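One chain, subunit A, links the two complexes that follow: it is found with subunit B in the first and with subunit C in the second.
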Partner chain A sequence: MTVNKRIINFGKYETASVLVNALIVKVLLGLPQLLCKQTGNAAWMVALISGLAFLVLVLFIMRLYKRFPNKNIITISEELGGSALKWFAAVLIILPLIFKGAITLRLSAETINLITPYRIPSFLTAVLVGIVIIAVAYKGTEGAVRLHAVFVPVIVAALILVIIASCSSFRLSNLFPLWGLGEKEVIKTSASAILMYSDLIYILLLYPYVKSEKVFGRAVGWGVVLAVIIQLAIVLGYVLTTQYPESGELFMPVYQVSRIIRLGDNSQSIEAIFYPVWISSSLLYLTLTQTFVVEILGQASKTKYEKLFIVPTLAAMFVIGYMPKSVTYAMQVSQKASPILFICTVALPILIMIFAYIKNRRMPYDT
Partner chain B sequence: MIRRLFAAALIALIAASLGGCRYSHEITEMAYAVALGIDKEGDDIAVSVQFAKPLSISGGSGGGESSGGSSQEGEEGGAKNKNTTVLTVKSKDIFTALTAAENNLSKEINLSHVKLLLFSKDIAQDGISDYVKQFMKSSQFSPNTYTAVSLCKAEEYMKTANPSLEINPAKYYTLLFSNNDNNYMPSATLRELYFNLSANGEGEVLPVANLSNDESNEESKSGEDGYYAGELSVGGENEADVSGMAVLSGGRLKQILSTKDALYYHMLTGKLREIYFIIPSVKEEGQHITLRLTQGKKPELGAEEVGENPKLSAKVCLNGEIVKCPDSDFNELGIDGLNELASSYIKEQLESFLEYTKNASGTDVTGFGKFAKMHFSDWCGWSLYNWQDKFMRAEFSVTANVNITREGLVYSG
Partner chain C sequence: MGKWQSFLDFHKTEEGYILKEQDKPYKSPPEQNINVFKSVNKNFEKIKEFMNYPQSGDLIIRWLKVVLPDRTADAFIFYFDGLSSRDNIGHFVLKPLMQMTAIMPPKCPEEEYISRQLITQNDVVPSKTFKQAIELVCFGGCGIFVDGISVCYVADVKGWEKRSLQKPITEGSVLGPQEGFTELIRMNTALIRKTIKDSNLVIENMTVGNKSQTPCALMYIKDLANDSMVKEVKKRLAQVDADYIFTTEELESFLEDSNLKLVPQILATERVDRASMELCDGNVVLMVNGSPFALVMPATFFTFMKTPDSRYMRMPYANLLQLVHYISLIISVILPGLFIVITQYHHEMIPTDLLYALEASFEITPFSTLIELVVLEISFELLREAEIKIPNIGGPSISIVGALILGQAAVSANIVSPIIIIIVAFTAVGSLSTPNYSLGIAFRIMKFVYIFASAIAGFLGFTICLFLHMAMLCTTKSFGVRFLSPIAPRTREGFLRTAFIGRDYKKTSKPDYNNSKQDPDADIKTDKGGDDGE
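== the complex of A and B ==
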């Protein structure tokens, strides 16, 4: 059974926007600092290697996907193992999505509170974010994706501006010693960095909404390549402006880079650009997460009243998000959970697709 | 219809809650700090905050006579700049001092416009690493805030600084410390200082501030000799002086260098602006040659070998214009001879600068370490090499190329 498509037909642009934001939101928050902490100034190599490995993984998934046109992972699971496997896959995908959404909700509220001069309690910020999420979720997948199409180009343009404007602070000597904390660390961290790409799940959920197989292939290609390039540029920019060991200590790397930009004597607070970028990016990510959790629940339970799930899932995000005692602890929990998230959202769906592929390989293509 | 009404009510509720004044920050309710100084007071520190007086700056009624600074004890300070006021609080910590200062004021202290962080000599000798980390941790301070060491008390400097050509104190500090055209002092922002404190390959240098003291300083220097902060007799209303540079190692003050040293530092690091440079005449005793020098291209620093005795090289290319040259020098040496004379003189001076800073402070102020670390594949090897130790045994090889391209508007010396 394919998901109810209504009249939604996303093109290449919308689909690519969703993938770009889903993949770069973690870079805005703390990935460059984390990579620098683990590999020193060779963090850019890790971003490059893991990015290339991710592209290979996406190519593999897209090859598998040729057998399942217009189907998302829940539909494929149902076809392979019936209702039991469908629910199994749905639960194992929903839980990590809620968890990631919860952590992003907490971090976005806390960081907004931290970097702005206003002393608004972070919980109040989270409530305001929650209201926006509910409003978008009621508009469904179309609302969330169309918002991406509008705001992601603005976010990307702002990030490019930050990187270009910080060029004058680049120091090539920051790249040396070339292998940072050592070749072994670079290889080890590159392998573990792939685990952070659990947002790849959105590729497996978006397919039924895209116009055609050809458009989907192109959108995934553009989105993923662009996201990897942006990620590499941000990490490289951070390494070039911030020398090790300090590069492993600074909170919110993109914000820190934007703080050093000075465009003449009159433009000395370019970091202000980071507030809307970070707020928009995290909000888009949260709305997307919320929408797809509701969508999966609706599809798995085959109900017409899927919107009833909006408030309970958001409540679950709030409860989980505010469980960790501090922002740092929330980030640590998120980092430690990344292997489990990767297994649930990437490894498991790939396994399901492989089995489904084997089962269907003698069958003609479903057109 | 009901849904629309509900949506409208919800929007009105949100709008009403966001429009509250609970978290408002009115400009008129803020005290804008433009400089912050730290002095040593026994076991504690004295934090001096210089506030701008916006009404006075804008020419409003808040100006008037010098209001002076006030300390927590209620003492009237002697701020010479009527556009600012200085408040000093003694405490164990910077931020508790600021809280105490805020209690003393009728307004909330805003630190986002602080342009200068001034550490007194005593504080710098004890170490400034902890303070720098505190400033960097706080989102209230910009990483582009300028930093300096004061040979006098930081509080005194801030009270005395009286720019006669600039009304806005924040602009004054920005222009003075951003080093746009100043070859006699380095420029160091909070962020650069924070990085260099732990960088294993580049020393920390800060500009030096002091009060010009003509009465006690009988041997006041002239500009071209090279002088230390406070030594130059400039006259005028502003008795505050910023010149020369302070060399720190591991966050502690090691050496104070003169303006001449700062000039050579700029030549080696590629930060040299246009400068009038004096070379002693070789043909006429007591006479000198004046050249207007600019950086021809970026200096090439390098570490040729990184063994027990690292071999470090520097190649400096300068473009020159003859401003003054005795006829005998000009006629006998010609342009080529003058190029050679200037090159060898500058080479000698640069080598002597490098040896002097190496021996006196043991700090790699020029940043040769950045090039030495390129010989290592990872941080482990670089850390084990111990650059700080090896740098003390380094041998320098300096090449200076002066290329006189212009002779001015008259064909003679």
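== the complex of A and C ==
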């Protein structure tokens, strides 16, 4: 599907917002804790190395993508291998997206229940989230992406505020020993951390919506750089405020950092004011994932009634999300599945693009 | 058979089942389209039939004799009493027809003699059909039939009672002009014309309502307004299928992109300066006879949030005012919900001393915070409605009832806690300070949704509500323009320049969401989405 067939298109700001949220949601839900657990005080270094490696990967993909203006990965697959490859690519992307959505849904519901004093069962929280997903998915990609433009600046501002407000609790001694649990661990964890960037798939899906190649390039550049900086700042802030081994144990690191903030006698503690921010970030990610799942299914099956896929795919997310017995187990499953997800959502699409590139090599550049 | 006849009235076509001719929406009776006869008696019979004479008590028909060059002809005039000016009819219609014919030798054919030489009223329309003549008479004209001439002359002698120019009621301002529109369309268009003084200002006359044929005026500045926008407004006006339309408020629901959405998508203003400013920004304005409000299209969230004051004040004051507007809107929507979340679920956010005070005040009241808040909010809505309905007679009584009974007495009787009164009062002040009445209502409805969502699930419910509210706003469009432009989508103009008043507010540049002709990208922009100036 090419961009000129679409009624809507997004600009730099919206595209960058989508990428920022897709990349920082996992940081909000627990990545810093995981990195601290594996590398100790050098978690920030892992965030830096994996972030830089991620930037290189994005540059490579963008360079490849220049060859396929206004096309998303499904269209490229169809042109390369016909309907069979189109469906293969669609399934390859949809299944990981549903899995990631399911895990995020479970994590979000459990996290919300853990950090808030409500007596609502986790599943009911997930049902409420599910209602939001259905409502926004019904509005289509446009609604989901425009919401990012409204909420992401607020989320980023809240994150910056948390880090700035917790400055007084920073302890530089927390950074030492510099290599944490050892250089080997840092390199090993950095390599595995790159595998967690399967959200790169959104770059491959957003392209047809963006008004021009130039805007897309800038949006991806801004979005990814900003996301990497925020991720680094959060991990660094977490490491500076929380000592190892405690830093590897605490749930939802950003929330833990926000608990340190004090406003004198004006408030006992203000971490609750950030709840809407964390909840919004998860909601944005989930609605976008669901919207793209529906969008890909619609595109692959070439149906006008793609909205019919909303409820079944959401039901699949619920089933998968609530299969693991506990949220810890869900996180472990997610971590173990990350290489497969990376292969499905990043490596194989890149491979498809390389093959398509070779096939079209002799064609003029702008066709 | 008769009982089932209505089912048989449907007949199947390729497009599905449709109604037969007799059940289609009422259109103007086809018989009225017939031409005027030469015989004055036949014309009289038709006028009696079409205008329900003598049942219509205000229809005046007066017979007279007109002396023509070669004959004396029977004639009659007809008009609605109260709608036309008796003085004008006497001076400019009857007097020339009855007295001047003897002394004015004809210099043109008989058909033109009456309109060109005799009737001295400045606007005379020679109508060939009954339909046109009747429409003009229904709008204050005086019809003249003369035997032997197959034309009905309609002189414009409007003379109904009208309200004089007054200050705008719902859009008061400290600075700037204080002229508000009236119910008379021509006076309103004249006010606009007087303000803009641009020869490119186009005022197109139209009618809406199949039966009411209510006159309306579509206004735009030709070298500013986007052609496709003007075309779209005309298209939607042509598609309006209603028998009677009397006001802009009624018409608004026909023109909106979706009238199921809570927020208004067309700005209604009663200020002449506001309507003029919007025209100068390249927007399209529509006025309906009988309504003192002008409709401005397209309108975004920020159009609703701005007031004319912000143009007349110095930049710092204007921006402070704008900030107050945004704060008032936010307070009016989320304050009660936020109060419930914090007091019911997140006590840790409240300073200890205040928490003790709050708990003490809640302790003595028998109801939950939710019930207290909802009851008081509903009470305030009732008071506000009562104040609008009878502002002069009942106003003071309502104030006393509101202040003493609902406020002081309820607290003294330990029915509600004082803090709830404070929250409701803050919310009410916020709501009343919202610059646009329609937008204020939309957000008042949302306030209750926030209250219930917050009571059910604390910050989770609050956030879900906020998320869905924003999703609704993000997907709302006004004539194709996104309601939250320039936030979502972000446009070249940028959020700050639109939401606040910049140093360059007197520049000639126009808002970019409406793709006015002065916008350099207007021709290449086919969609308002995602334009961030790249």
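Convention: the second predicted complex is superposed on the first by the 360 of 367 C-alpha atoms of A that agree within 3 Å, B and C clash if a C-alpha of one lies under 4 Å from a C-alpha of the other, contacts with A are read in each partner's own complex, and residues count from 1 in each chain.
What we mean here is this: a contact is a pair of C-beta atoms (placed from the backbone, for glycine too) under 8 Å apart; a residue touches a chain by one contact, two chains touch by 3 or more.
Since the model is a prediction, treat every value here as computed from it, not as a measurement.
Of the two partner chains placed around the shared chain by superposition, subunit B is the only one that A:Y244 touches, whereas subunit C remains out of contact.
Applying the stated contact rule after C-alpha superposition, one finds that A:I120 touches each of subunit B and subunit C.
Of the two partners, subunit B and subunit C, it is C that touches more residues of subunit A. Contacts of A:F176 after superposition on the shared chain: subunit B is touched, whereas subunit C is not. Once the two complexes are laid over each other on the shared chain, residue contacts for A:L29 go to neither subunit B nor subunit C.
By the touch criterion defined above, A:R146 lies against subunit C but remains apart from subunit B after alignment on the C-alpha atoms of chain A. Under the contact criterion defined above, the residues of subunit A that touch both subunit B in one complex and subunit C in the other are 117-118, 120, 128, 131, 265, 268-269. Those residues of subunit C that touch subunit A in the shared complex are 342, 345-352, 457-464, 466-468, 470-471, 474-475, 482, 484, 487-490, 527, 529-532, 534.
On the subunit B side of its complex with subunit A, the touching residues are 10, 14, 23, 25, 112, 139-140, 142-144, 174, 191, 194-195, 198-199, 201, 370-371, 373-374, 376-382. Chain contact summary for the complex, subunit A toward subunit C: residues 7-14, 112, 116-118, 120, 125, 128-129, 131-132, 135-136, 139, 142-143, 146-147, 149-151, 209-212, 214-215, 218, 265-270, 272-273, 275-276, 279-280, 283. Those residues of subunit A that touch subunit B in the complex are listed here as 40, 114-115, 117-120, 128, 131, 171, 173, 176-183, 242-246, 256, 259-260, 262, 265, 268-269.
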